[in-house]
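Two complexes are shown next, each including chain A; its partner changes from chain B in the first to chain C in the second.
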Partner chain A sequence: MIVLKDLEKSIRSGLKKVWLLNQINLEIQEGEFVTIMGPSGAGKTTLLNILGMLETSSGGEYYFYDEAIHRLNERRRNEIHKEYMGFVFQAYHLIDDLTVYENIETPLLYRNVKSKDRKSIVADVLDRFNIVAKKDLFPDQLSGGQQQLVGVARAIIHKPRLLLADEPTGNLHSKQGEQIMDLFKELNDQGVTIVQVTHSEKNAEYGTRIIELVDGNIKNDEVIREIPKRIEV
Partner chain B sequence: MWLNYLKIAWRNLKKYKFFSSLNIGGLAIGMAVAILITSYIQNELQVNQWVPDGSNIYRAYRYFAGSSSDGQANSPGILATELNRQFPAIEQATTLGEESDQLLTAADKSIYLDEVAFVDSNFLNVFALPFLHGNRQDAFQHPESAVISETTARRFFGQTDVIGKTLVLNDEVNLNITGVYPELSGKTHLDYDIFIRSTSQQMSWLAYRYETYVKTVPNTQLAGLEEQVTEHLKPILLQEFQRANFEITANDLPLWKLQPLHDIHLYSRNMGAIRPARGNIHYLYIFGFIGLLVLIMAAINYINLSTARAGNRAQEIGVRKVNGALKQQLVAQFLTESVFQSILAALIAFPLARLVLPLFNEVSGRELTLAGAQLTGILLPFLGISLLVGLLAGIYPALVLSGFQPTQVFKAGQNVRMGHQVLRKALVVVQFSGVVILIILTTVMYRQVRFMLNQDLGFGAEEVVVVPMNYSGSWREVMAKKELWEKQPGITSVSTASTFPGDSPVDYTIEIEGLDDRYRAPEMIFADADYAEVLDLQLVDGRFFSNTISNDTLTAFVVNQAFVREYELETPVGTRLRFPWREGWGEIVGVVKDYHYQGLDNRIEPVALFGGPISRGQFAIRFQPDQWSEVLSFLRSEWPTIEPAHPFRYNLLNEHFATQYAEYNQMGSTFLYSAGLTILVAVLGLIGLASFTAQQRTKEIGIRKVLGASVPELMSMLMRQFVAMSLIAGLVSIPLAFWLTQSWLEDFAYRVDLNIWHFVIGILLAVTITILTVSLQSLRAAMVNPLESLRSE
Partner chain C sequence: MMNTNFLRQISRQIRRHPLFYGLNLLGLGLGIACAFVLLSYVRQEWSYDRSIPDGEQIYRIGTNFMDMGGFAISQEKLQPVLQEKCQAVAYATRFRGSSGFTFEADQQTFPVDAGLYVDTNFFRVFPYEFIEGQAGDALVTPDQIVLTEEVAQRIFGTGPYLGKTLSLKDEKSTFSVAGIVRPFPGKTHLPAGAWLSVAPQLSDDRSWTSARYYTYVKLNSQSDKGNLEDFFAQLQREEIHPQSAPNTSFETWIGGSQAVHFYVQPLQEIYLYSDLNMDLISGGNPTQVWILGIIGVFILLMAGVNYVNLSTATASARAKEIGIKKTMGANQSQLIVQFLGESLTLSLLAMVVAGSLSGLLLKLLETVSGEVLLSSILDGTPQWLLLLGFSVLTGLLAGAYPAFHLSRFQPVWALKSDSMGHRKGHLRNVLVVFQFSIAAALMIGSLVIFRQLSYMQNSDKGFQHDNVLVIRNFNDLGTKKETLREMVEQNSQVVTTSINSRMPAGYNLWRATYQSETMDQAISLNGFPIDEHYLSAMDIKLLEGRNFSGDLATDTSNVILNESAVKALELEEPIGAVLNDDRRVIGVVSDFNFESFRNQIAPIVFNYDVDGYQLAIKLTGNDLPGFVRHLEDSWSQLAGDEKIRYYFLDDNLAELSAKEAVLSRAIGIFTVLALFIACLGLFGLTTHATSRRAKEIGVRKVLGATVSQIVVLLSRDFLSLVALAFAIGIPVAWILVNKWLQGFVYRIDLNWWMFAAPAIAGVVIAFLTLSYQSVSAALNNPAEVLKDE
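Entry: the complex of A and B
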């Protein structure tokens, strides 16, 4: 699904050039649940953003389903992003002025899903995530765990193939964190490829593979479990 | 999708009530001003548009090649007859004359009507007045018939259907009412209470006391017709002038031109029309400019507040982008929001405009209604305008907001600081330049009007009462009673004259002996020997008319300094003058110091006073102020011995003189109000920006306070940039303000000198407004307990 060859990312800081990512070579298969770990400033989030096409690399090659992303223009990148990817953030990033229902519905609006279909899709997800009762509340009326639940629901509503998560449980206490990780595991079992960034060893154990980044280099890359057989829902 | 946009727009409005109300309030005020101005302009453009066939109707006027004036709209009474007879391209021609202050009497009521038109039988064929009662075709079939306005009918008879009733004109002529037309006030330049079919028009080629209107055959080629008329009239006029002893050549004769009816209201300044046009195309430009300015102010408010507060939306934008929103979709969303707000503002603006309409009408001297046809006329264009304002104000913020990159937004967390401060500051400077210009213009206008009111006029305007008379012979009665009156306690002196200051004298052609260019047309005043005493005029040479020198009251002239200067008389006293239509020569016996016989918007022209026995329509009395009421009751008791049929009327000279400035007062106050509202809109924007800046710096303020900064220090820190911006705006605006005030002042022959202080004061006022506006927000921010602002850390 993903192939990175000699991927680099540098930024200018004053007169100096600072390398955030250095010669990254990486392959990710469909169905994997990859955890990226490493100390602060190691380049984890940068890597995740590049994978999610929110940022571009400054060198090297990035193939997504054999498409050379590094050669595409922004418009085409956006299309691919829109079609295949979902994002979950540490700070949830729900839209404060929209209700739970409307937040979850938003991605569908941008994909021109018909009103009737939207209703049923959102209703399904609300049901699946057990948040039907909360659908008319605004984000600030929810607990952190509930907000992140909505964040995940929103990220997967359009059935992305790749779910990218940046410290999804960073702001949650452990019980809520477990709930989210269980959910990720379940999604992965259903065939969604997941890349998460985390500091937590415990969270990493939910995945199939752990990549350790230090100073923009891959220091360790280890498969800890087999890719799950796809369970149809 | 749209529903979603609207929903979030609405929730954002509710969430940030303060900023939303500043935005929408400013827009609504701006739009209300713009609505009023638009309907004012529309109204002005609509004058005379109702006249059927109006595009074929013209007013004949004379144009003198090389003259600076636009032409002369008055024409001889015989012109219409000649045009009717000689030119097939002219379907109908008609003559209109005006007399003010005509006494009309119905059975039990006598009223002086100010606006009385005398017309010929052709009038209704050119101007098809709409009739409420009566039959237009034969209304002017018979002499001594009259067509009156609805209002006039009510005033005399208490009803409108008054066909066949009689009005008595000046106690002499019985007029038969043959038609009643609806009120046309404000819709026509022929704003008369009554049209009377005249039987006494002067059929002379030399008395330019009338206006001539023609209706041409459709598609007539105008320039050709004008040329034909000029050529045809040349020999006739030449012959007439020569017969009256004027030595005039064909080169001195004017070109005859035709002014379209639809131009008359707005383009007839200084055309010597018998009824000066009230409209002025310059005012339309000025108010159009203000209307535009106030909308720009409101739009700038929107742009500034939206981009300044963009940080609040940054997270939402990031999330939407990550979830697949395209840039153009976000642009569409934010445009929806701005259009939504501008339409909300428009919904408030209409009732607001209607609410202040009476005030606007009073101040501007117009009768706008904002109902019926006028409303629908303005509704559609205005919806368009509000849409446009929404789009224009929204497009920049929309582009800025939708340009956010999700990675930046999320990296910086909640507090995205926007880097568009330069543009925002530039816009504030633009706004405040507008404010400074408006302040400077307003103060200069105000000072000019004050200047005109307070200027030494060169004559004594106080403690003089002027009484208009109605019969051409009445002045002789006054002359006979004069000695008796002057013995009355409280009365200092009495004078009869054709005009007193404040009314424009009529120019007469006279012959001046010894000049190369012998025929001149000074302003002529017919007056008796006490004119100088009543008006307190000062003599600089010779003497004034004397009652004891018999020639003085027959043939003597007194002239003003402008007369001597302009005609280059070396020894004015003793120079002989002559009216071409009068036997014998007269002599200049004295020169009076120049005085402002008209308002200061008019130059002092050459004036000649003539002491001979020619009809004088008014008399004036200088009185002792402490005995004014006795003088007044004495005059009331004496009046019936002069003109028993006419009620007594009087004006105080100084008050009457000041009415000349009414138009400038109107214009000035209309300008003052609209400028004030425009400034208010800018102030609303400033409040928003200041409170936003203060909010943004809450943490910094807290830290500084903990480190020992005092409240005044913090306030000056917060206010510094705004004061700097308004100072810059002041400097930037000086050239434009100078040019605008200069060109406005050009209308006035005598005007205040523009000096640096006008500009300094304008700028200082703008800075003061800024400080007052900003200080409240800054004070609030500076007073916050630092623990509160730092607690969240």
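Entry: the complex of A and C
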């Protein structure tokens, strides 16, 4: 699904050039649940953002389903991003002015889904995540765990093939964190490829593979479990 | 598919940030209202006579002969000459104005205040739509009349009206209705109400030097103004010159005071640009139209700037949302649509505010300026479309920058950064400077206009004009004139009385040609026929020689000059000098401003004439109402039914500066509004800036900063912007007011304080605007601010 060859990301800092990522070579198969770990400043989030096409690399090659992303223009990159990717943030990043329902609906609006279809898709997801009763509340009326639940619901509403999560449980206490990780596991079992960034060893154990980044280099890459067989739903 | 989620979102945001949106709505609404009122006024002033079919082919001919100045009326014989000899002319018409008619029908009287005496070509040149009758049949005999439908309805009730009869009050003649017309839909300088035949008034006057009729022509479609002007050049050379001055060369004649000139005025420019004497209605004021139109555009820009500034200043609050939406798959164009949708929604809300404010504003403008500048505001579809157009345009223009600016944010960056408001501050600063520069120029401009106005109203004009009452129909008393004068003079309030035929500021055409011995050619000068009391009644200073004397019969051929006339007649020793027709100069008076301050004081020749048609009464001013009662009593004893008509000289002088008075007050209002809009924007920006710096303020206070130090810290940046704005606005204003003042021969000198005072006032007002936010921020308890770290 994903192939990175000698991927680099550098930024100019004053007169110096700083490498955030250096010569990254990586392959991710469909159905994997990859955890990226490493100390602060190792380049975890940068890697995640590049995979998610929110940032561009400054060198090397990135193939997504054999398409050379590093050669595409922004419009085409956005299209791929839009079609295949879902994002979950540490700080949830829900839109304050929109209700739970509307927040979840937002990705569908940008994909021009018809109003009738939108209704049934959102209703489906609300049901599946057990948040039907909360649908008319605003984000600030929810607990952190509930907000992240909405965040995940929003990230998968358009059935992405790749779910990218940046410290999804970082702002949650452990009980809520477990709930989110269980959800991730379940999504992965259903065939969604997941890449998460985390500091937590415990969260890493939900995945199939752990990549350790230090100073922009891959220090360790270890498969800890087999890719689950896809459970059809 | 259009995504309408933003409507829901914006309504929630309005509820969440009422101050931000309240300021924006008020500012935008007020700006749109100002621009709407001002540009509606411009539109109205430009719309005159544009609804007349083929109007661009219609011209009026004005004339000037004997150096009397330009007149809107022209010679009686001009119309037949044009109709018969000018190839370019399809139809020529001549007509006379009327101050109105009083009709009688069924023993009832109906005043109609708009009427004309016209010839049979009139309705060919001006194709009014005939509801009854036909243009070709109307007014072919003098006992016919054409009415507008509205007038006919008022007099006769229901139609059809054709053939019904009415008569003119106080006249035996009756008229039968020969046509009913519908007035032109738009504004026009032509009065429309009733049309009578001009034929009975025609006198077969063949002179080129008398004028009584308005002459309008409609050119045939192949001809233009140039053809008409060529015709007049030829007419002057081949007909008028040989007839009137066969012994002088054409060049001498055309350059001298005996020449006859013509003006060709396009119909659609008459209202706004014609400044000829005897115009049908007092025309528009192009300077005022331009000034107010430009102010309208600038105020709208200022309101738009507020929107841009407040939107970009609060960008940090929106950045997160943009980042999220982009991550969720929104592309830039979808976000642009959202932001433009928001600004359009806001501007449509502002339109509602503007619609309600514009009526109030118009009322305010009318009350303050004392003139109906604009006859209607939200009247008819075009006006509504204008308002809608303004609002949509403002929404798009004001929304465009924030939309493109905000939607360009890179998602990662937008999500990370919570300090977007700090960035791009340059543009906001530039825009604040822009706003206050305009406000500064307006403040200075209105101050200068106000000073010039009060100079015109209050400065010494070289004569005394207060407490002077003038009876204009004094001549109606006939042989009893002297009796009334004696009765009046018995009143203890009367200082003196003077019989004359011309007062300062009055509308008068007394002119005659004079020539001194040293001059080659006579020149045309103003004549003031006066008696021996005139100079003392008006307190006009005699510099040399003597006044007229009632005892000397020879004084009828003597004259008194003002200083300008002495110069114009090239007299070195004026007293005793002899002019043409044995007129001897017996006195010289100092110059006085008897016309507008726009004009150089003109030369005056005073003649001795005890038989003038009006009586000027100089009063002590102790009890004016008492005197007026006394006067009216005396008058009615002598004159019977005839009503007295009089005016106070001061009122007539005020007319001379009426345009400036209206302009001064109108600009005053819009200056205040512009400043208010600029301050609204400033208030919004400081609100944002102080909330952004709340933590910094808290820390500084903990470290020992005093309240005043904090206030200075918070105000300094914005105040220096305002000061910079004045530094830019002052030279701009200087250029503009200087140019405006050039229009006056007698004008104030520009003084440094006229620029300094508005600048100081502007900075103080800006500081007061800022201080509410900065003081309350400075007074906050730092613990409150810092605790939610």
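Keep this in mind: the second predicted complex is superposed on the first by the 233 of 233 C-alpha atoms of A that agree within 3 Å, B and C clash if a C-alpha of one lies under 4 Å from a C-alpha of the other, contacts with A are read in each partner's own complex, and residues count from 1 in each chain.
Keep this in mind: a residue touches a chain if its C-beta (ideal position, glycine included) is under 8 Å from a C-beta of that chain, and two chains touch if they have at least 3 such contacts.
Since the model is a prediction, treat every value here as computed from it, not as a measurement.
**Student:** Using the touch definition from the top, say if A:Val132 reaches chain B (first), chain C (second), both or neither.
**Tutor:** In the superposed model, A:Val132 contacts neither chain B nor chain C.
**Student:** Have a look at where A:Ile11 lands relative to chain B and chain C in the superposition and call it first, second, both or neither.
**Tutor:** Touch status of A:Ile11: no partner.
**Student:** Looking at the overlay, does A:Glu55 come into contact with chain B only (first), chain C only (second), both, or neither?
**Tutor:** both
**Student:** A:Lys114 contacts which: chain B (first), chain C (second), both, neither?
**Tutor:** Once the two structures are laid over each other on A, A:Lys114 reaches chain C alone.
**Student:** Touching A:Ile224, do we find chain B (first), chain C (second), both, or neither?
**Tutor:** neither
**Student:** Using the superposition on chain A as set up above, list the residues of chain A that contact both chain B and chain C.
**Tutor:** 49, 52, 54-55, 78, 81-82, 87, 89, 93-98, 102, 105-107, 109-111, 154, 158
**Student:** Could you list, by residue number, the parts of chain B that touch chain A in their complex?
**Tutor:** Of all residues in chain B, those touching chain A are 1, 4, 7-8, 11-12, 15, 315-316, 318-320, 322-326, 329, 405-407, 410, 413.
**Student:** Can you list the residues on chain A that touch chain C in the complex?
**Tutor:** Chain A reaches chain C through residues 49, 52, 54-55, 75, 78, 81-82, 87, 89, 93-98, 102, 105-107, 109-112, 114, 154, 158.
**Student:** Per the contact definition, I'd like the list of chain A residues that touch chain B in the complex.
**Tutor:** 49, 52, 54-55, 78, 81-82, 87, 89, 91, 93-98, 102, 105-107, 109-111, 154, 158
**Student:** Within the complex, which stretch of chain C touches chain A?
**Tutor:** 1, 3, 5, 8-9, 12-13, 16, 320-321, 323-331, 334, 410-412, 415
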